[in-house]
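Here it is, the structure, as C-alpha cells.
Order of writing sets the chain letters: A, B, C, D and E. Residues in each chain are counted from 1.
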C-alpha cells in the first residue's frame, strides 16, 4: 500500500503519482524508457492541415513504422498526441479530452507554426495562438508544413528526451493541473 | 503430476506467446514489403508488449472488464495444453479435439465479456460481429472436423497426428477438406477479408477500443497464442503435425519441433498474403460467403469420407 | 441565346436592375420582397444550379446583401441575384422549396451573419460551438481585438513556482 | 479499358510480386534527401546590404516580421533606416512574399528547413548572412543565428 | 420485438473512418443507420474574415489551406476570381503552367482518394502505394514551386515562376511511371472481386437526385450527369486542351471510385498534352505582376470557379476599391455532398458503409468549415 502522504492526487481525473512508481522507474527505468521510445503509438487524429504530411510519413515513401511508430485508433492505446497545425477551439476541447484519456506516460508534439504563435491564423477568431497555455507540449517543429525530414528529426529528438527522462509534459500537466484547467475554462463556456 | 510436467507447462506458457509475437513481428515486416516499404524490425512486437506492460495509469470500468483479458489468455494457454507441438504434447485423452473446440470459444468469450463491460457501443458491435463471424466459420469447420475424425476414426488429436505419420498426410488424402479448413483458418486468424470484429475504420478496433496499457498487452499476448493454437490445429489435422523425422532420437525430436514451427508459420504466411491483398467483407457478406461454398464443399468432403471409409 | 438576350429577359422582371458584369456573369438586383419570385423566374430560365448563397455586410448602408449565385448548365451563364435586407432586423425567407441544399447555405449565413431565414427548420449551430459574441463575419466584429482580449490575455503556465 | 466488370479473386495476388522488389522507402534520417533547388526554407539576410525599409514586414500576411532597432547600422543615405527584420517562425508560413518585395535583394531564403526545439522562444530570431546556404545535413544551426 | 433499441455511434472527430477532422453522429438500429447528423466546424478558421484584413496579393498564402489534399485548386480559384474582377489576362505560358499544376494536383488528390476508400474497406496496401506514389508528384511540385504541400504559387496574374529547365521531361517520366503503376492498381484494387462486391450497389445516387441536391464534380459525373467546370466555365488553359467529360451510370460507391480512376487516366493524358505544348512555347513570360503592396482593384464583384478533385470550388470576391477584398466567400464542393447529401444517403446503410460512403463521396471537411 502507498502512504497517503506520498500521493499527489489531482482532482476529478483520478490521476495519481506515487513513490512506488518512482522506485520502479529507477530500477527498470532504462529498459522501460527504451521500450517506450521504440514503440511510440500516436493517436489517429489529424487536428489540422499537418495531417497531410503524416500520410507520406506513415506510408511507403518515408515509412515511420521503421521506428515502431504507427497510428492507433483510440487514445487509450496511444502514447503520442500530435497537434498537427492550428487548433480551433472546437477541436481544442476534443484534444483535451483525448489527451486526458491517454494513459501515462504520454507526449505531445506540436507541428508547424500555428501551435507556437498562431501562424497564418494569428488574428482568427476561432483559433488559439499558444497551445502551451492549455496543454503541455514536449517538442515543437518549425515549418508550414514541416517536411517529413523535420518531423522525423523531431521524433528522434523526442526519443532521446524520453531516454534521458526529460520528456516530462505529462508530469507538468499534473503539477500545474489547476493552472491548465483554469486556462481551459476561460476558453470554453461549458464542457459538453 | 511430476515436476517435469510443471516445468514443461511453464515452459510452454512462456515459449508459445514469444513464438506468436515473433510471428506477428515477421508478419508486419512481410506486409510492409508487399506495401513497398521496409517495415519495423522483426522484434518490434516484443518492444510493443514490453511498453504496454510498462504503461502507468489504466482506466478500469468494472472487474469483468479487468478479468476479461486474463480469462482469454488463460483460456488460450489451456487450449495449448491439448495441442501436439511437433511430437511434444502435454495433455492428451480421447475426444480432446472436442475439448479444444470448446476451449477456443471459451477464451473468445472472455474478451467478449470484458469488452461488453466497457460500455462502449463500438465494443458491443465488435463483439456482435465476432460472434456472427465465429458462427459463420464454425459450421464448415465442424463439418471438416467430422470428416477428418471419420477418416481416421478417432477423436483424439494425438492419434490423428500419429495415424498421419503412418499413412499419408491428410492434406494429400483429403485435399478438399484441407482447402475448406484453410478458408476457415482465415476467419479464425481474423485476417482480411474476415477481420470485421476489429475493423478500425468501422468500429475502431471493436472489442479492444477501451483497452489500453497492460490490458492491451494481455490482448496482444492472447492474439499471439491464438495464432499458434489455430495454426497448429491445422498443422496437426492436415500436415501430420510436422512429424517428418524419426521421433525416437533427440535430434529427430528437435527437428520435428522445428518443422512444426515452420509449418505453423507457413499457414500463417498464407493467411498473411491473403490479408495483404484483400479488403474486408461486410459482416453479412462474410456470413453468406461461409455458409455458401465452404459449407457445400465441406458437405461434399464429408460425403466423400463417408464413402471412402465405408469401403 | 446570347448574353444580351439574357440581360433583356431579366430586365423584364419588375423592379430589377440588371448589369452584364463580364463574359458569362450577370448581376441582377431585385427588391427584397421580390427575391423569391425572381429566383423562380430565373430557375424557369434555366438557372437551375444554386452554387452558393453569398452574404455581404455593407455596414455603411446599414444593409446585408444576399447574393444567390445561380448557374445555368444549358447556356453556361452565371447570374448573381442580389437582395438587400436591413441590418437592424435581418430576416429573410428561405429558398429551400426551390433548392433543398439552400438549407445548409442558409444555416451557415444564419450562424456567420446572423440572418434569420423564415421557413428554414434547421437553423441550429453549424460550425461554431457555443458562440456568444456577435456573428463573426459581420464587419463590426473586430477579430483582432477579440483575439487580443480573449486568447492573448490568458497567462502562460510557467514552469517556475 | 482495363477495369473489368466482375473482377476476380486471383488478380489481386499479382500484387505479391512487390514482395521481392526493392522498397520505395527513403530511409530518412539515415539517407539525406536534399530539398529542391527552389525550396523555401528559413530566411537569410545580408545585414550590410539591407536598408531596413520594412517592405517585408508590411507584405507579410502573418505579421511574422518585426523590425527591430540596430543602431550600428545608422547611415545617412536617404531611405536607409537603422532597422533590421526579425522573423517569428511561430507565424511564418514560408510564402516568400517578403523575398519578392525586398528592394535590395538582401533578404533571401535558404534551403535549410529543420528546426526542432522544446522551448518555443527559440523560434524567433534575426536572420543574418551567417546561415550557410547549403549546410551538409540541411539542418538549420540555431547557434549561428542571433537571438534577440 | 417490435421496439428495438437504437444506439448512437460517434464517427469522429478522432476516428480512422473519417476523412479528416470531422464528425458524424449516426443512430444505429441493429446494424442499419436510421439517422445521421454531420457535425462540422473542427477546422473552421474564418478565412472569409481573415481575407478582409489581407491584401489582394496575400490571398494565395492564406487560402491554399482551404482544401489540404488539393491546395492548387484553392489558389487558382481565388486567382481566377481576382483576375476576372481586375480584368487581368494571364500570359499563355502562365495559363499552361497553371493547368499543369492543377492536373498534377488532381492526380495527387486522387491517389489519396484511392488509398482513402481502400483503407475504409481494409485494403491498406493501396493506401500505402498510393500515398507513396503521390510523394513523387510532391517532389516535382517542390522543384517547380519550392514547397511540398502549400505551394503559394498561383498568384492573381499568373504563376510565380517559369518551370525549371528540364521540368517537362521529368513530368513525362513521372507520367510513364504512374501509368505503369495504375496497371498494378487495377490488378490489386479495381479488379478485386471483394472490393467490387463491397462497393457495387452500395448507396446509389441517381442523376435526378444529384441535380436536385447540386452535387458537382466526380460524384455527379458518376451518376451520368456530364458536368465539368473545366468545360462549362473554362479557366486556365482548358479551352485549348482536348478532352471529353467522362461519366459512369450507376452512381454507387463503385461508380464513384471507377469515375476517379478513369479521370486519373484522363489527367495523365492532359498533362502529356500540356508538356508537349510547353516545350514548343518561348520561355519567360508567365506572370503579369502588379505592385504587391499598393495593388488596388476597382469596385465590383466576380466569381471564379475551378473543377477541383471534389467538385466545383469557387470564390466570390467583392472589392470596394481598397487594397484588399471587401468580402471573399468560398464555395467548397463538400458543402453539398458532405452535409445534406451525406446525411440523407447514409440512412439505410450498414454501419460498415458509413465510413466507406464518406470516403467514396470524398468529403473534404475544411471545405465545409473554411
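We take it that a contact is a pair of C-beta atoms (placed from the backbone, for glycine too) under 8 Å apart; a residue touches a chain by one contact, two chains touch by 3 or more.
All figures in this text were calculated on a predicted structure; none of them were measured in a lab.
Touching chain A and chain D together: B, E. The distance from the centre of chain B to the centre of chain C, with each centre set as the mean of the Cα atoms, comes to 61 Å.
The distance from the centre of chain B to the centre of chain D, each centre being the mean of the chain's C-alpha atoms, comes to 52 Å.
Averaging C-alpha coordinates per chain places the centre of chain C 39 Å away from that of chain D. Chain A and chain B, compared by their mean Cα positions, are separated by 36 Å.
With touch defined as above, residues shared between interfaces to two or more other chains in chain A number as follows: 44, 59-63, 66, 73-75, 90, 120, 122-126, 132, 144, 147.
In chain D, the residues touching two or more other chains are 12, 15, 23-25, 27, 35, 61-62, 93-94. For chain E, residues that reach two or more other chains under the stated contact definition are 15-16, 41, 44, 46, 49-50, 53, 61-62, 125, 128-129, 132, 150, 188, 192, 194-195.
By the definition of touch given earlier, these chain pairs are in contact: A-B, A-C, A-D, A-E, B-D, B-E, C-E, D-E. Residues 7-9, 15-17, 28, 31, 118-125, 128-129, 132, 188, 192, 194-195, 197-198, 350-356 of chain E touch chain B in their complex. The residues of chain E lying in touch with chain A in their complex are 13-16, 20-21, 41-46, 49-50, 53, 61-62, 65, 68-69, 112, 115, 127-132, 134-135, 138, 148-150, 366. Residue ranges of chain A in contact with chain B, taken from their complex: 15-16, 21, 28, 31-32, 35-36, 38-39, 44, 59-61, 63, 65-68, 73-79, 101-105. On chain E, the positions that touch chain D within their shared complex are 54-55, 57-58, 60-62, 125, 132, 139, 142-147, 150, 152, 161, 164, 183-184, 186-196, 258, 261-262, 292-293.
Residues of chain B touching chain A in their complex: 28, 32, 35-41, 44, 47-48, 50-51, 54-59, 200, 204-205, 208-213, 216.
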